[in-house]
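Presented below are the structures under discussion, each in the form of structure tokens.
First chain A sits with chain B, and in the next complex the same chain sits with chain C.
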Partner chain A sequence: MTARVLPVMPPLPKVLRRDAPLPRLRLSLWHGVALAGFVVLTAMAADAATEPAPRAGVLAVLVRWSPLLLRGFGFNILISFMAMAIGTVLGAFLGLGLVSLRRPARALAWVLTEFFRNAPWLVLLFFMIYMLPFRIQIGPLSIALPDWVKAVIGLGLPVMANVAEVMRGAVQSIHPGQWEAAESLGFSRNQQLWQIILPQCIKRMIPPWMNLYAILVMGTTLASIVGVNDVVTLAGQVQAAEGGRTDLLVPLYGYVLLLFFIYCYPIARLTQRLERRYAVRI
Partner chain B sequence: MHGIAAWFRHLHETTGINLTIAYDPFDRARFLHGLLVTLELSVITIVGSVLVGLIGAWLQGARLVWTRRIVQVYIQLFRNTPPLVQMFFFYFGLSSVLPTMKNSFGIQEPLVSGFGWACISLIFFAGAFNVEIFRSGIEAIPSSTIEAAEALGYTRLQTYLNVVLPLATRVCLPALTNNLVNLIKTTTLAYAIAVPELLYVSNQIWSDSVNVPEMMVVLLVIYTALVGLLVAAMKAWERALRRPGLGT
Partner chain C sequence: MPRGFDPPTGWTPDQPLVAIEDVHKSFGEVEVLKGVSLTVRKGEVACIIGPSGSGKSTLIRCVNALVPFQKGSIKVLGIEVNDPHLDKLRLRKHVGMVFQQYNLFPHRTALENVMMAPVQVLKRPRAEAEAEAYALLKKVRLEGKEHAYPGELSGGQQQRVAIARSLAMHPDAMLFDEVTAALDPETVKEVLIAIRQLAEEGMTCILVTHEMGFAREVCNHVYFTDRGVIVEHGPPAEFFAAPRDPRTQAFLSQIL
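Here is the complex of A and B:
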């Protein structure tokens, strides 16, 4: 690459060059089998370790509480969907800011992106839980903001920053010749971006975007710390409801781990497939 | 010092911005302690996870299939499950299995403290990512370089320590920086198992003094500064290690 600066794409600030691919997910079915086996084994071990008292077996407890735990997990999924939607929409705007030609817009977008990428998710979550009002009054309309909605917003913000990064990375990965060719064909800057560059970017953005989603799904467990009744909170409550039996802890949390694995595994596989497919063509 | 405290008290009286950590000795003491715990947690887990990464990456190049498989299972299990649940699993699950011991007051206490479990779970969590990062760095080294070392009579360990590692470090520093930044941010999870780190003490302070917005801003500024420090240090290291002609 020569050091020549293209008139259409100014060099980004040095700090932004931190090419920061998100941690990748690579799962295989075998891991799920191992995890399931682990849950059953620990359940049986816990059963064997306790003398036959008049209480339910660990597996029976897991089965009995499954509907509740699954509902809690469904709540996690709901939170992740909504946070991903908010984060993607806002992140797309922020990403456009990052590749903007106007310096102030780029600087503002850069500050926002770096701030929300570098602040811990949990602190952002706390920030939203405490700083947002529990009720918003817009004229005659009053909208209640329960904790889980605040959690969605709190999780959506770091997602936004990461989506913006993904978008910037995709735009940067397009060969500069594409910009030059579009320029020479007389496309305006906006046309270049919307008709030439972004359509090529979408394909490249999908795998990291899905990877981000899998990370977000795991991040939703943080909501349990700020008082949302998600699957982790429920696991704790199930243990308490069973009389605080300590032998339940390992199987219960193992069960939660398994639930997340079952959900993330197909996503990870699909991401891998898409990555492989898109890696070939430029 | 006294003047600063007086100024912050004045600030509170005139504007309502209540930064108790600046003028209240009790709040300041526990806040500084929380900062110290976060720093300790960060340093211990960074060092530990890098060690886990180095050892894991070395084991992944082992000839035995089962060694590689075990490392692979470890990586996948820790990368693909929520770190919070991992921490709960360790802190509640495993610590209930481990024996307890009597402390100097004759009270039963668990073998590993909350701080200990936080360190262990964070080291394993970040270590799993580090193994992958180092492995990608090692794979980037041309096999002819390793063969050359072999031809010079290096053993496998010597090749790893003297040839592979110095070269791989340069390749994988950007990714490592990224993961360590993530690790510092993840130390806040220790809040969930009542380790008195920065977020935990801040929570105590804002519960007592009802100054949530101020403490939130302080928290965000401090974490941003911590991450900034780490990134600056890693960048400096990257520059110091740079060899003309290697990589880009």
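Here is the complex of A and C:
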């Protein structure tokens, strides 16, 4: 048998990497154009396939319901912001726990991280929806917990675990010589971490953190299953309001896809750019 | 009395500044130091040479408590290093260390690298620390590079920043751990010049090195280690001219 070359690309030498275009597939603008074209085409096809009955064209329906759908999408963004904020703050603490010198702290952080990193997001969401009360009573103060708040918490937990893991990886990727140098200059453990190690970590954490955010944005659509009025729920309601027209289904959800693409595409591009920039510096 | 040397330890200038006595160190099952003793007086330059894996680096890491050791004693200005209640900060104010890989902080400029520890560890006023950092960088001939990041400097330049960074703590002794081993041959010299200048100013130095020419010219005393023990030592003139132990002879014949 003749030896075959594995179809895997070897890593490029560092010198080439900076400006040379990477010979791999990347998200680019024409993918978005193709997606938009797909929405229009399916809309036109749907129109052509049905009788020219006294009802609105698919594109006209999309335009008419756009304000509602966009408001729903805004809600997705809001949920993603809040879940990311909660997850990042909690995850930063959890990440510090993962690199703690204290064994019990490390063990606890490890259990939490592994649990929430390896539980399906949807199951966590259902769990939060049914476990959390719809109202919390703290003394005289009564805080309502609507479903979307529960969804934020449910999505924030896996984000937390992933941020913690990103942080642990970043801390461990710093050369041990950095700790030694700081130690031999008399820095305390806290100073070493906050002044020398973490500032270097933040740079390395930004690309995976943004990547996580893009995944979270797409994950917010899970909230529709637990009854939050996000863009997917609303798309269903639009279809129902139009009398359950089946010709609407493909263009309608294509439109929702397009919204997510328009939002996530710049994030993906920025992540790639930062990845490339930071790959060279340190 | 050295600067910042407050609590009395009974040390007087007629005693060795660094006194290493019968130090044993194991990493798990592997014993890397098997009873090493040596003394360095104030203003002396000691060179430790030997094949790789002979425990040279481990030995000088023991001196500033970067690695703990199991048995024996190291006293720096009378401070016992092998003490579970050792005040490491106090020890490290007296001992500076320079590493093979420079280990500069990549997110800070050369100047910031030099002034960080004086400001944050010694709590010195910023302006004062900054003025001194400029002077120290000038001393290691890096004028004009103050605001460069480590990534923008050559290996030799980075290593000189690392030397300035250690000096900013006003140490009484300096440890150099194979500081030229990772450098390009053409930048080795500029680093050695900086170390030689320090030695001539009377800085107490312990060097782990493979630069035999440098050891011969600058050191007061050469120690040859092999498999965790000091095989032979003496003033460089005698040591290099007439090594007595067969292991030393074999090593020198390979390297010279």
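Here is the rule we use: the second predicted complex is superposed on the first by the 256 of 282 C-alpha atoms of A that agree within 3 Å, B and C clash if a C-alpha of one lies under 4 Å from a C-alpha of the other, contacts with A are read in each partner's own complex, and residues count from 1 in each chain.
In the analysis below, contacts are C-beta pairs under 8 Å (C-beta built on N, C-alpha and C of every residue); 3 or more make two chains touch, one makes a residue touch a chain.
Every value quoted in this text rests on a predicted model; they were computed, and no experiment measured them.
Undergrad: Of the partners chain B and chain C, which touch A:E242 in the superposed model: first, second, both, neither?
TA: In the superposition, A:E242 contacts neither chain B nor chain C.
Undergrad: Under the stated touch criterion, which partner chain does A:T221 make contact with: chain B (first), chain C (second), both, or neither?
TA: first
Undergrad: In the superposed arrangement, which partner chain does A:F126 touch: chain B (first), chain C (second), both, or neither?
TA: A:F126 contacts chain B only, not chain C.
Undergrad: Determine, under the contact definition given at the top, whether A:D147 touches first (chain B), second (chain C), both, or neither.
TA: Neither partner.
Undergrad: Touching A:F187, do we find chain B (first), chain C (second), both, or neither?
TA: In the superposed model, A:F187 contacts chain C only, not chain B.
Undergrad: Of chain B and chain C, which one contacts the greater number of residues in chain A?
TA: Looking at chain A, the partner in contact with more of its residues is B.
Undergrad: Just chain B (first), just chain C (second), both, or neither: which does A:V256 touch?
TA: Once the two structures are laid over each other on A, A:V256 reaches chain B alone.
Undergrad: So in the superposed three-chain picture, is A:E275 touching just chain B, just chain C, both, or none of them (first/second/both/neither)?
TA: The answer is neither, since A:E275 touches no partner chain.
Undergrad: Enumerate the contact residues on chain C facing chain A in the complex.
TA: For chain C paired with chain A, touching residues are 64, 66, 88-89, 92-93, 95-97, 99, 101, 103-107, 116-117, 120-122, 151, 162, 165-166, 169.
Undergrad: Write out the stretch or stretches of chain A touching chain B in their complex.
TA: Touch residues, chain A against chain B: 18-21, 23-28, 31, 34-35, 115, 118-123, 126-127, 130-131, 214, 218-219, 221-222, 224-225, 232, 246-247, 249-250, 253-254, 256-257, 260-261, 264-265, 268.
Undergrad: Note which residues of chain B are touching chain A in the complex, please.
TA: Spelled out, the residues of chain B in touch with chain A are 73, 76-77, 79-86, 88-89, 92-94, 96-97, 129, 132, 174-175, 177-179, 181-182, 184-189, 191-192, 199, 203, 206, 212-213, 216, 219-220, 223-224, 227-228, 231.
Undergrad: Would you pull the chain A residues touching chain C in the complex into a rising list?
TA: Residues in contact with chain C: 175, 177-178, 180-188, 191, 195-196, 199-200, 203, 281-282.
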